[in-house]
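Note that the chains are named A, B, C and D in the order they appear, and that numbering of residues resets to 1 at the start of each chain.
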Amino acid sequence: MNYRLTTFDDLHVGQRASFAKTICDADLHHFVAITGDVNPLHVDDEFAQGTFFGSRIAHGMLTASLFSTLVGMHLPGIGAIYRSQTLEFLKPVRIGDTLTAIFEIDSIDRENNCIELAGWIENQRGEVVIKGRTLASLMRPRG
Amino acid sequence: MNYRLTTFDDLHVGQRASFAKTICDADLHHFVAITGDVNPLHVDDEFAQGTFFGSRIAHGMLTASLFSTLVGMHLPGIGAIYRSQTLEFLKPVRIGDTLTAIFEIDSIDRENNCIELAGWIENQRGEVVIKGRTLASLMRPRG
Amino acid sequence: MNYRLTTFDDLHVGQRASFAKTICDADLHHFVAITGDVNPLHVDDEFAQGTFFGSRIAHGMLTASLFSTLVGMHLPGIGAIYRSQTLEFLKPVRIGDTLTAIFEIDSIDRENNCIELAGWIENQRGEVVIKGRTLASLMRPRG
Amino acid sequence: MNYRLTTFDDLHVGQRASFAKTICDADLHHFVAITGDVNPLHVDDEFAQGTFFGSRIAHGMLTASLFSTLVGMHLPGIGAIYRSQTLEFLKPVRIGDTLTAIFEIDSIDRENNCIELAGWIENQRGEVVIKGRTLASLMRPRG
């Protein structure tokens, strides 16, 4: 299969990409399969109901993993190299929430092969549940 | 089931926790199931072999998700609330790599309910593949 | 800590042991953490509702793992060595079902260090959900 | 999410599937959380060192649970119904062992909706630690 690598000519400051996903119980199971993180806040209804969250919530890093999809599939996209990510976990995410992950290019430094993006993830009520900043580079096509 | 919430009396500066995990192909499939991130660098052997990585690599955010387990299960542990995380992706992680995720408490601020941790993930050769900083709070037991 | 190993003098044909447990969502998460088995019948409500099961069911081997507790903690108990197990999965187990796992010694062969047990697991309606047969041996105390 | 159910046309005698996993201490903790099986052979280093095993070993049923993943995710795969399983526990499994679970179809009976599989789990030295036989059926797609 052939893929077209993103180049700097494909990118401009202010460019946006986004995608949406509804969090379901299976997502938590997949995340637990990777991490083993069975913190009862995420997997035990009774425990979670006794906390101020009032119900089980998705792992923050599960939600944050949607940034991975933006970097690798959307902006910069195929050929991107993920350099760094900051994450602020602002609101809980519950099973059934529909999230939209959004990226916007803040700056492009061709010389140093560095793209800086602002990212945030909103729920179906427009509340930002996670925000962060991303640095990515582009792979050079092989000569 | 009863759980004991971590309290500030359980924690001290310099305290460490760690756990190990070998990354296997199934982990990538679980991550794809959550994120839909099928960037060919992670899922297409032929494409990955043609890049300077030379083989498929795990999604950076997949590896970073091991910090979730440290926060929620180890340090601070049950009752932790994840506030923020920074991540620097330093080295590629390949299928079969055995990773050790490590946390160390840098500072504890009881008044503002804030614990700061340094975290890093090493591979089987002792190379740091990800490093970052974490802020977490503790849930208060219900009165 | 000192433990008393079970000896043949502790055991007789017809001897029974049992214990009960309610299956909760956290159990499925723990099982997925071990196995990575995210078959949608176990983790995806919508998929499971579309099958003749009508709802998510627990992994059969999750339920069967209660036999491990009987062998190692109850009958024969501490010092038991698990030799073999057969399992017939007879009825689905749903989240919230309260299961009782029961063992009964069928035969004891001191010379060949072999104890044979019949085991079954019932739900709260008295239906047998799994049945099987077990062979176990006893560790000899160190001289 | 849409899943494709395995059909008899996907299967043939001799067909194999496998997957690998390294057993870590967290797996034992997850298993204890499900079963409550805290037999000291599995959780007490000092006790285990005093036995002829010489170190803690994983619960046999924990290792056997990898067959669940093969049935539900690989062979037959999604849409499989687990009918029965036999298990012979042949060798101890220690923390750090890398296990490969393997299934091979022995016979297919379309009329009676019955697939018979031989299964075995090898450690990193190629030793078979568990072997067994499996019967599974296929769910019919809803008409």
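Here are some notes:
To be clear about the criterion, contacts are C-beta pairs under 8 Å (C-beta built on N, C-alpha and C of every residue); 3 or more make two chains touch, one makes a residue touch a chain.
Remember, predicted model here, so these are calculated numbers, not experimental data.
For chain pairs B-C and A-C, the one joined by more C-beta pairs in contact is A-C.
Seen from the C-alpha centroid of subunit C, the farthest chain centroid is that of A. The centroid of the Cα atoms in subunit C and the matching centroid in subunit D are 15 Å apart. If you average the CA atoms of subunit B and of subunit C, the two centres end up 33 Å from each other. Note on chain placement: the centre of subunit A and the centre of subunit C lie 40 Å apart, centres being C-alpha means. Within subunit C, residues 24, 26, 30, 33, 35-36, 38, 40, 42, 44, 46 each touch two or more of the remaining chains. Listed in rising order, the residues of subunit C touching subunit A in the complex are 24-26, 28-30, 32-33, 35-36, 38, 40, 42-46.
Interface residues of subunit A, counted against subunit D in their complex, comprise 24, 26, 36, 38. Taken together, the subunit A residues at the contact with subunit B in this complex read 1, 3, 19, 21, 26-27, 30-31, 33-42, 44, 46-47, 50-52, 59-62, 64-69, 72-73, 78, 80, 82-89, 139, 142. The part of subunit D that touches subunit B in the complex is made up of residues 19-22, 24-26, 98.
Note for the complex: subunit D touches subunit A at residues 1, 26-27, 30, 33.
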